[in-house]
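Please read through the structure below; I'll follow up with questions.
We call the chains A, B and C, going by the order they appear; numbering starts again at 1 in every chain.
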Amino acid sequence: MIHPDRLFPSEPSRRTITRRLYDEVSHLPLVCPHGHTDPAWFSKNSHFTDATELLILPDHYVRRMLVSQGIQVLAIKGADGKLDHRAIWTTFANNYHLFRGTPTRLWLDQTFSELFDFTRPLCGETSDLYYEHISSCLMQDSFRPRAMVEQFNIELITTTEGPLDTLEHHKAVAQGSWGKRVITAYRPDAVVDPDTANFQQNLDDFGDCSGEDTATWQGYLNAHRVRRAFFADHGATSTDHGHPTAQTHDLSPDTAQNLFNKLRAGTTTPAEHEIFRGQMLTEMAKMSIDDGLVMQLHVGSYRNHNAATFAQFGTDQGFDIPQTTSYVKALKPLLDVHGMDPRLSLILFTLDETTYGRELAPLAGAYPSIKLGPAWWFFDSPEGMMRYRKLVTETAGFYNTVGFNDDTRALPSIAARHDVARRVDCVFLADLVARHLMHEDEAREVAIDLAYNLVKKAYKL
Amino acid sequence: MIHPDRLFPSEPSRRTITRRLYDEVSHLPLVCPHGHTDPAWFSKNSHFTDATELLILPDHYVRRMLVSQGIQVLAIKGADGKLDHRAIWTTFANNYHLFRGTPTRLWLDQTFSELFDFTRPLCGETSDLYYEHISSCLMQDSFRPRAMVEQFNIELITTTEGPLDTLEHHKAVAQGSWGKRVITAYRPDAVVDPDTANFQQNLDDFGDCSGEDTATWQGYLNAHRVRRAFFADHGATSTDHGHPTAQTHDLSPDTAQNLFNKLRAGTTTPAEHEIFRGQMLTEMAKMSIDDGLVMQLHVGSYRNHNAATFAQFGTDQGFDIPQTTSYVKALKPLLDVHGMDPRLSLILFTLDETTYGRELAPLAGAYPSIKLGPAWWFFDSPEGMMRYRKLVTETAGFYNTVGFNDDTRALPSIAARHDVARRVDCVFLADLVARHLMHEDEAREVAIDLAYNLVKKAYKL
Amino acid sequence: MIHPDRLFPSEPSRRTITRRLYDEVSHLPLVCPHGHTDPAWFSKNSHFTDATELLILPDHYVRRMLVSQGIQVLAIKGADGKLDHRAIWTTFANNYHLFRGTPTRLWLDQTFSELFDFTRPLCGETSDLYYEHISSCLMQDSFRPRAMVEQFNIELITTTEGPLDTLEHHKAVAQGSWGKRVITAYRPDAVVDPDTANFQQNLDDFGDCSGEDTATWQGYLNAHRVRRAFFADHGATSTDHGHPTAQTHDLSPDTAQNLFNKLRAGTTTPAEHEIFRGQMLTEMAKMSIDDGLVMQLHVGSYRNHNAATFAQFGTDQGFDIPQTTSYVKALKPLLDVHGMDPRLSLILFTLDETTYGRELAPLAGAYPSIKLGPAWWFFDSPEGMMRYRKLVTETAGFYNTVGFNDDTRALPSIAARHDVARRVDCVFLADLVARHLMHEDEAREVAIDLAYNLVKKAYKL
């Protein structure tokens, strides 16, 4: 059902080189420095219940494609008013052709084949067979979350938590006897972005959980310092910032304090919210220099684009749409202060591929503090990754990039996602070798760096 | 002169798969849901007069390339002050090398070879031979417009008319004995875009031809309803909207009415013209939900860029230049109201390829109302189509796209244009098969869908 | 160390065609119409001193990549406080892997192999060997600047000078017995861009060296005419304009004069500086029509992005970062006045690749005055050149492009840079031949045009 040469070029000389490179990296452990799996899975290690709960409900890639054809799976309910998991699965199977040519299809087919040993493709006819086999597998211990982590040869997995999180699951895993590292990353958007729901309440809670007075600017900054240290104690080596834009600011201390006071008084404008977010990126960079946490910046998504869908179903429904993003002027205030500091490590992500060659590779190819995150979200795909390498490498090289992020909440797909990335990188490198632009021994070294070494170095793992 | 494997990859395994896929689609009927041929050709079925009238004068792709090298064909005149068709053709033939690497060259060579049976390439030496042979062919009945439609195996062809058009030619064709369908599409720009020449007069005429009072907002909207129904009676299944931007608005009824009143009073600003156009897109979407007409949106061209050329020669001189276009915020007002309605079908086109992956595929991959039109205008080309598939498919799949549009006024090139599209799609699919990302039986099904089924479904044909 | 088939496709049929095309162009003379070599090299013909002086210090591509990994070579100094050339070279050699996949690596490897006859790759182990061999070569007469020009088969080389330059080196070369042409290009940014350091002083000096009264608008324009004529007397066939944006203006004479007076009074705003630059582009176009100098426009770089690096090390440190650039509305004022004039030749460059297909190819494919310069700076690379051809050719063809610019101050790399461009163009053409889109005899003609004829025609050489 899945071919050992999948994604490799059909031209024999390049295919042969690709196979040799891939053989060097296919069995390396997976390092997962950024993602959205649920840490409770690893602390509790409970069984997943059925195929729909495992593969459909948490995957907004799958659900949005069905919605785009008029199929809202969250509206498929039984007589009891609850989601009808079996009917959802059948609908999905009947419409599996919609995913032709998408990475979702690649990830799922590999998951079906390698995790569940299917040999016939999913379709309307095999729908029940799939549902029942998967659900029965999930009853077995070898399909519990920790077993999946082990089967996938995951060396370390990072989850992402808000600043108010207790991190109890990370603590439980660390104190237990399981030999795997599950660490967190500090994502403070809920107390940094004034456009977040319940922002004022979040700030109050932030004060409570840090023991600092978040009514004042200095207390608020201290609260970040306290919580960053708490996260670092639970293994965090990085922070993550999901902002609408890459705008940064470098306000004077007085101006920043006045802005914060106005914010807490609830009298700020949307434009001032943008300034506050921008100032906080510069503050976070400064704290990163102090405490050594690597800083990730994910920008450019217009979240919850459809009002009705957001009202009915909430966030993460597949209605987050990328927008044009610019980095050059936006990052300058932060970079003028901290950009040349070797202690800062700022990993940039984009949903605007036009910035790869025009802005991001030139920035990463100059500033010692900047590294480029891998192709993200819609572009975490074979063509997306290939464009990334072609647009980035000539200016920034390989060594200003940081390896792969699976960035997923779909645990069973993690092995397939890393595999696609490793294959595409080997295809890219084999093409350089076949065109005599790189020696094969160098390509082998780079392949291993891209699959394993760079991520550990960039994320300090 | 044209090779049976043209556009196919040279690598043998991919070429073989491509050939097999192409064999499945090459003889399927052509469905032409959007274009600019003259309906009088089909109702009157008159002879074209000569090679220049057929192939040069109506084709702004050809004329603009010659102008770019300082050759204005519309200035090549005889002693009588009229265009010298023979001299124009000779000039074109002497400069045919300018078209190397362009789709115009592909379309013309296929037309020369398949329609006119030439075996020697066009050049200065063969110029007269070409001119005389083509002109003598055109005297024959087998080269009249209806014969071309039949020879090309066109199942249906859509033209595009303004809201004031009488549609007499469509009526004549429908009432005659010819078995082909020639239908219209409702393109109301002349009464929607306040920047159109003679806009106020157009609105008055719009009132006359609809029997509604276009001095009032409700009368104006009713006039649209009346004319849409009239167009639907003449076969129309779609509307088309050529706007400078994708901006939409959802004004309150009072605000909209006040804006219309101000517009008719002639006191609006350019910014209010943009708001009016945006409001009308939302009104048109609402009417589409009511009457079932599919809605097409073509945006992003800076029309008539050169002032002197516009003053001397008018519109459609090859001086329409694309600009950056954004869809995400621009479409939100319309989509918040109607985007999730399964009765709306909105087909989006762009001249800004950066939006394929960043905006359009994510929108089409989420909203049930949105489909993506094919690569348009400058990008209706082998590389343009390939970029389209590579940038769109991974996020939106194949089934949120709508097949091919020839979008041309160059009747003799229609077969060649569809052939290029079918070849490129087969190349794209064969590459997926060769890299084991899709089974060949699936690829065959998709190839047929892209060539024939999707267009009929999307345009309700 | 470098392979004769480098950059060629591995697929045998395309590779064979590529080789045949490349054989037609590989030995053609190099024509270098735009670059930044130092004319003193050619007039004085002094020896270069060592490998670091030749290859590292003048090359901001090399230095920025090292800075991006925290290595500031300009800070590597000996006990005497001077740059330690040997230590810099060793650092560079130890980090040569950073350049994998970059064009710098290609250029350097070809230089090492063909100019200096190295057969072992550069690395930490061979660092001293390289340094000593290169430095000893440089003592030989056959490695002096004029000898390099001869060895590279350079037919003509253009340097770029500011409007105040005495052009003494060009005069010396022209009056000497050396048979090579070294010409200048007029780059008046220092007296056109009010944001330049010492702008007022420059204007005074401009008056002195031209004998015109640059306190007045007409005197200032006359000063340009005088200096353009002086440059033309020293061989110049072109001007060059490095502006932040492509904005042009067509002010009334009175408005322009008032703006100039305000400028000289020092009371202008940044927005007025942008207007002045834009007006000057239109003035320069008018002068080009009068004196026949070809006009080049290089726009879109955010210069000296990092404040600290600029303060410490000055300009050209690798911190010039591209930005989004738009041409359609920006160029309209100039093009409305002069765009259709066959005497104007305006060569456009961009650092925003999204404009190739969207704006630049449509503009060049319509306006007789516009030609497209080659892929520039970060995009002067194999992938960058291939994207350029794929995005430009289908709309603008080959004959609205102008061949290659090496645009470098790195003299020893010039042969390698032209070689990469010729190879990539042959790969592009061979692909058209292999896919039966162009006959091989046509491709041969185009290959020669791209390598040699177009540049001579476009730059009037």
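Details
As a working rule, a contact is a pair of C-beta atoms (placed from the backbone, for glycine too) under 8 Å apart; a residue touches a chain by one contact, two chains touch by 3 or more.
Given the structure is predicted, the values throughout are model-derived calculations rather than measurements.
Summary of the copy comparison: rotating chain A onto chain C for the best CA superposition needs 120 degrees, to the nearest 5.
Although chain B and chain C carry the same sequence, what matters here is overlap: shared residue numbers make up under half of all numbers found at their interface. For the pair chain B and chain C, the distance between mean C-alpha positions equals 40 Å. Counting partner chains per residue, chain C shows two or more touched chains at residues 11, 324, 354.
The residues of chain B lying in touch with chain A in their complex are 11, 13-14, 324, 326, 328-329, 332, 335-336, 339-340, 342, 354, 357-359, 361-368, 370, 390-391, 393-400, 431-432, 434-439, 442, 445-446. Residues 2-3, 5-11, 64-65, 67-70, 97-103, 105-106, 121, 302, 305-309, 318-324, 351-354, 378-379, 381-384 of chain C are the ones that touch chain A when the two sit in their complex.
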